[in-house]
Amino acid sequence: MSDSAVLLIDCPDRRGLIARVSSLLYEHGANILHADEHSDEVLGLFFMRIEFALQSDGLTMDLDNFRAAFTPIATDLNMNWSLTSSAERPRVALFCSRYTHCMNDLLQRWFSGELHCDIPLIISNHSDAQLLADFYGIPFEHVPVTADARAAAEARQLELLAANNIDLVVLARYMQVLSPEFVAQYPSRIINVHHSFLPAFTGARPYHAAHSRGVKIIGATSHYVTATLDDGPIIEQNVARITHREQVEDLIAKGRDLERSVLFRAVKLHLQRRILCYSNKTVVFD
Amino acid sequence: MSDSAVLLIDCPDRRGLIARVSSLLYEHGANILHADEHSDEVLGLFFMRIEFALQSDGLTMDLDNFRAAFTPIATDLNMNWSLTSSAERPRVALFCSRYTHCMNDLLQRWFSGELHCDIPLIISNHSDAQLLADFYGIPFEHVPVTADARAAAEARQLELLAANNIDLVVLARYMQVLSPEFVAQYPSRIINVHHSFLPAFTGARPYHAAHSRGVKIIGATSHYVTATLDDGPIIEQNVARITHREQVEDLIAKGRDLERSVLFRAVKLHLQRRILCYSNKTVVFD
Amino acid sequence: MSDSAVLLIDCPDRRGLIARVSSLLYEHGANILHADEHSDEVLGLFFMRIEFALQSDGLTMDLDNFRAAFTPIATDLNMNWSLTSSAERPRVALFCSRYTHCMNDLLQRWFSGELHCDIPLIISNHSDAQLLADFYGIPFEHVPVTADARAAAEARQLELLAANNIDLVVLARYMQVLSPEFVAQYPSRIINVHHSFLPAFTGARPYHAAHSRGVKIIGATSHYVTATLDDGPIIEQNVARITHREQVEDLIAKGRDLERSVLFRAVKLHLQRRILCYSNKTVVFD
Amino acid sequence: MSDSAVLLIDCPDRRGLIARVSSLLYEHGANILHADEHSDEVLGLFFMRIEFALQSDGLTMDLDNFRAAFTPIATDLNMNWSLTSSAERPRVALFCSRYTHCMNDLLQRWFSGELHCDIPLIISNHSDAQLLADFYGIPFEHVPVTADARAAAEARQLELLAANNIDLVVLARYMQVLSPEFVAQYPSRIINVHHSFLPAFTGARPYHAAHSRGVKIIGATSHYVTATLDDGPIIEQNVARITHREQVEDLIAKGRDLERSVLFRAVKLHLQRRILCYSNKTVVFD
């Protein structure tokens, strides 16, 4: 496939935004493949994602030229924006603890080409995932986390992330809570999976809580991590029916499939630059 | 279809319960159509539902004889139990306020034979459902509820329920909270629909809360009413996906379908005597 | 809500289409509320739906002026297109036979404001829906259809449709097959619901066929009617799980809910002008 | 967990079957954990699955004694039956071709304890799965299949199956059609996954066919293999929504998740002895 790029914008809503952006793209030789937009009428905000081919009709678009021409317009219209070429491969680090089902799922999909990224680093506070990391040829770093050495562990993790130029951190059932200071280093760039249908059953042991409450449907949620536990912008949720026959261990088993699916979906959407955050919510252009 | 009956049991678990009950039924000429059982291993409880035909092989079973023979066994084994013949039609009262979508759905299904019951009474604190009640030929009672005359209203409602020998009260988006005293009159016999995926978003305006939290799936829940608001045993839940494009009014529209489906399901399951309550949960033999 | 309009376009794909259309809309004072586009890369086709407000920033857009300016461009770019104002209410005729569950659902939703249309006509080959039509105050025409007088019946039906300026015909479980000549009068303007998951189980008695094959999921399909039975462009499908316990009559009961939901969805999407047809498929901008 | 056993029965329906079987189990000291039954009223057939603990109340049941006592009763009542102890671990062989996503999923779940079986053998007509087999320490046999040497290949496969005492063959996207002679060796013991919602889109390239027909939901189906292609008793089906935006390759990617889930479910249900076949359908006691 030929090269493409994605332009993501959010700004105060006003008439003519689509015309202005699409015209500029046209003038620079872009061929729009997908355009998607959303307005929040209450807040007066506008969101847009445009994916375009860099080659078409024998033309090749110069992305730097476009960027130079677009910057003053974006400033004028008060835009938050980003422009990313498909030639850049995001660099992802995976964190996990003892449960490796999410890790296994992500690695297998990545290996078979479903995730457009590099994975140069796996970090865990346990060694269970070592063999899996070896199988896929990914450097594995064991960083133990103890109650009285949490700060040191996070310092080591941040060092590893920096050394590997990591763009996105994926918590694949990483069972430690990250400090607000850590989270602040990677705003909207840490994705977690919580094993409940948020906002129900935040915190520890959600399957036990779901069983105790007698719900008939369980769920899992992937979200960006913020300073408040289990409270960040939700990216994806999925659910499964349960019956009175299913005990806590059955919920845990069924939940594993939900966790895998919502975490994979979130990572894929992020890598495809389909997510915008605002007001602690997400716009997902899928 | 010939007559049938349903035997519902819950009791402390012990070996041989199925053998004992099924043998007694066989001796009295019952032909078991469906048998379902469940054990809660943690609490050591046993639950059973047996549906059997009263006529088979040229025999007709005498339900009173069976009842007389079963009673001492049930006492001996510490059973809670009930025995109901399909010849008895439960009597149902519907409560509603201004929104009539659940009411319309239940009435249309009842009219077309999907609900095995009589509906001799509709009560509302508004008059919106009057025309619908007239269309289906069901007596409609307008009982206004004001903040300072709630007790009087409930007294009138209880009087109407008693006068009509009501077995089951269905709150079809009835927007008033019933007092614990009212609820105590109909234990496990008042079914409500709450317009959220409980335990998320209890209380008022759940669709607004769901929109504000940015969830990707909304839900509805039908449950038995207890003294604590939105906390009773859950009977049925259903969910629907939403996106960032959907505003609160879209959630409300989508939610109406969920509310209809979970309320209908709960009422049907109750009428078929498929629900047992324990520990603020339900066993649903479907 | 203020007035809005929808512009629907399909044409050969080429660079700059979005820029050109959105710029013209901007110049005429339109405020784009939603824009959606799709390209079929294999066939080289482009599809667009733009919904825009006619009033904004103190301006009022003149739709006729825009139409006049847009027409030569559309011709130049080989577009199929339509421009519809929200001020125009589509006129819908409902057809049914003996089963009234889909009819009841559509009428109840229409009555409560979920469908933006007028319904001036109900036609049936039976009289079962008469009472329902009366309740909602809609003229009901009983047009019997017999094997040897099908042509006469269709002539009468077409006469009624013409006399009522009908834009859309909805077959709400109408159990007669329409002739190709009838269908040709309303291309992409007759919506049917088939009670299976197409293309499985076309033709008569699909629930019997599903039960016989032992499927674990049943479905329903809404589609535009073409000259070939059960073969038109699919608009919406929905499914429900079943088990070995469910007999044909249970499938039929469960299927009624699926039929209701897919038919309602299709009618709503059509009325909101969210559907484009090509290659016997649909583009649904929802 | 202590030992348990499963008794599976199908026979002509008659009064008293549950009483007779459950009484005999009680007399031999069994403690019933789960009982499930089903009657096909049209065919007059009865199906039952009883799972019981071998130790309870300080008693240990002698399974051989029970078998000896049950055999004459079963003969008398014309039963097909099987009695299996949880102490026996079924032996499973996996077949695959080039796509390894189903294989990977099954192996990862097996490794983490979700499947109660041994997997002593993987057979493939390609070598893609070799590394995966090595990772999990499972013997891998490469058996190429060419058009003119199919019989020889099947002979080699059967030899390997026999040498490994295989109880169940799982076709994890094995892209070769097995001969009726091969299938006859393992009746109701070969499970396949077909990548469509059967009976729609049998045969090759079902995702292409689904895309071409313009369906809005795709599916996958696991089933027992019979002599007729894609026609055996269906065990499990699952579906996913698609839109006009999704091309064939997107359907293939989405379908992989469906294939994984329905194949895993089928294998798990089979291993738990929850499936009975009759009339080319399945009774699934889940």
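General observations
So that you can tell them apart, the chains are marked A, B, C and D in the order they are listed, and the count of residues begins at 1 in each.
Here is the rule we use: a residue touches a chain if its C-beta (ideal position, glycine included) is under 8 Å from a C-beta of that chain, and two chains touch if they have at least 3 such contacts.
This structure is a prediction, so every number in the text was calculated from the model and none was measured.
Farthest from subunit C in terms of Cα centroid separation is D. Subunit D is reached from subunit C by a rotation of 180°, derived from superposing Cα atoms (nearest 5). Just to note, of A-C and B-C, the chains joined by more C-beta pairs in contact are A-C. Note: centroid distance subunit A to subunit B, computed from Cα atoms, is 42 Å.
If you average the CA atoms of subunit B and of subunit C, the two centres end up 36 Å from each other.
Contact of a single residue of subunit B with at least two other chains is seen at positions 245. The residues of subunit D lying in touch with subunit B in their complex are 15-16, 18-19, 22-23, 25-26, 29-37, 39, 56-57.
Residues 34, 100-101, 104, 108, 112, 114, 131, 135, 245, 253, 257, 261 of subunit D touch subunit A in their complex.
Residue ranges of subunit B in contact with subunit A, taken from their complex: 38, 41, 197-201, 213-217, 219, 233-239, 243-245, 247, 279-284.
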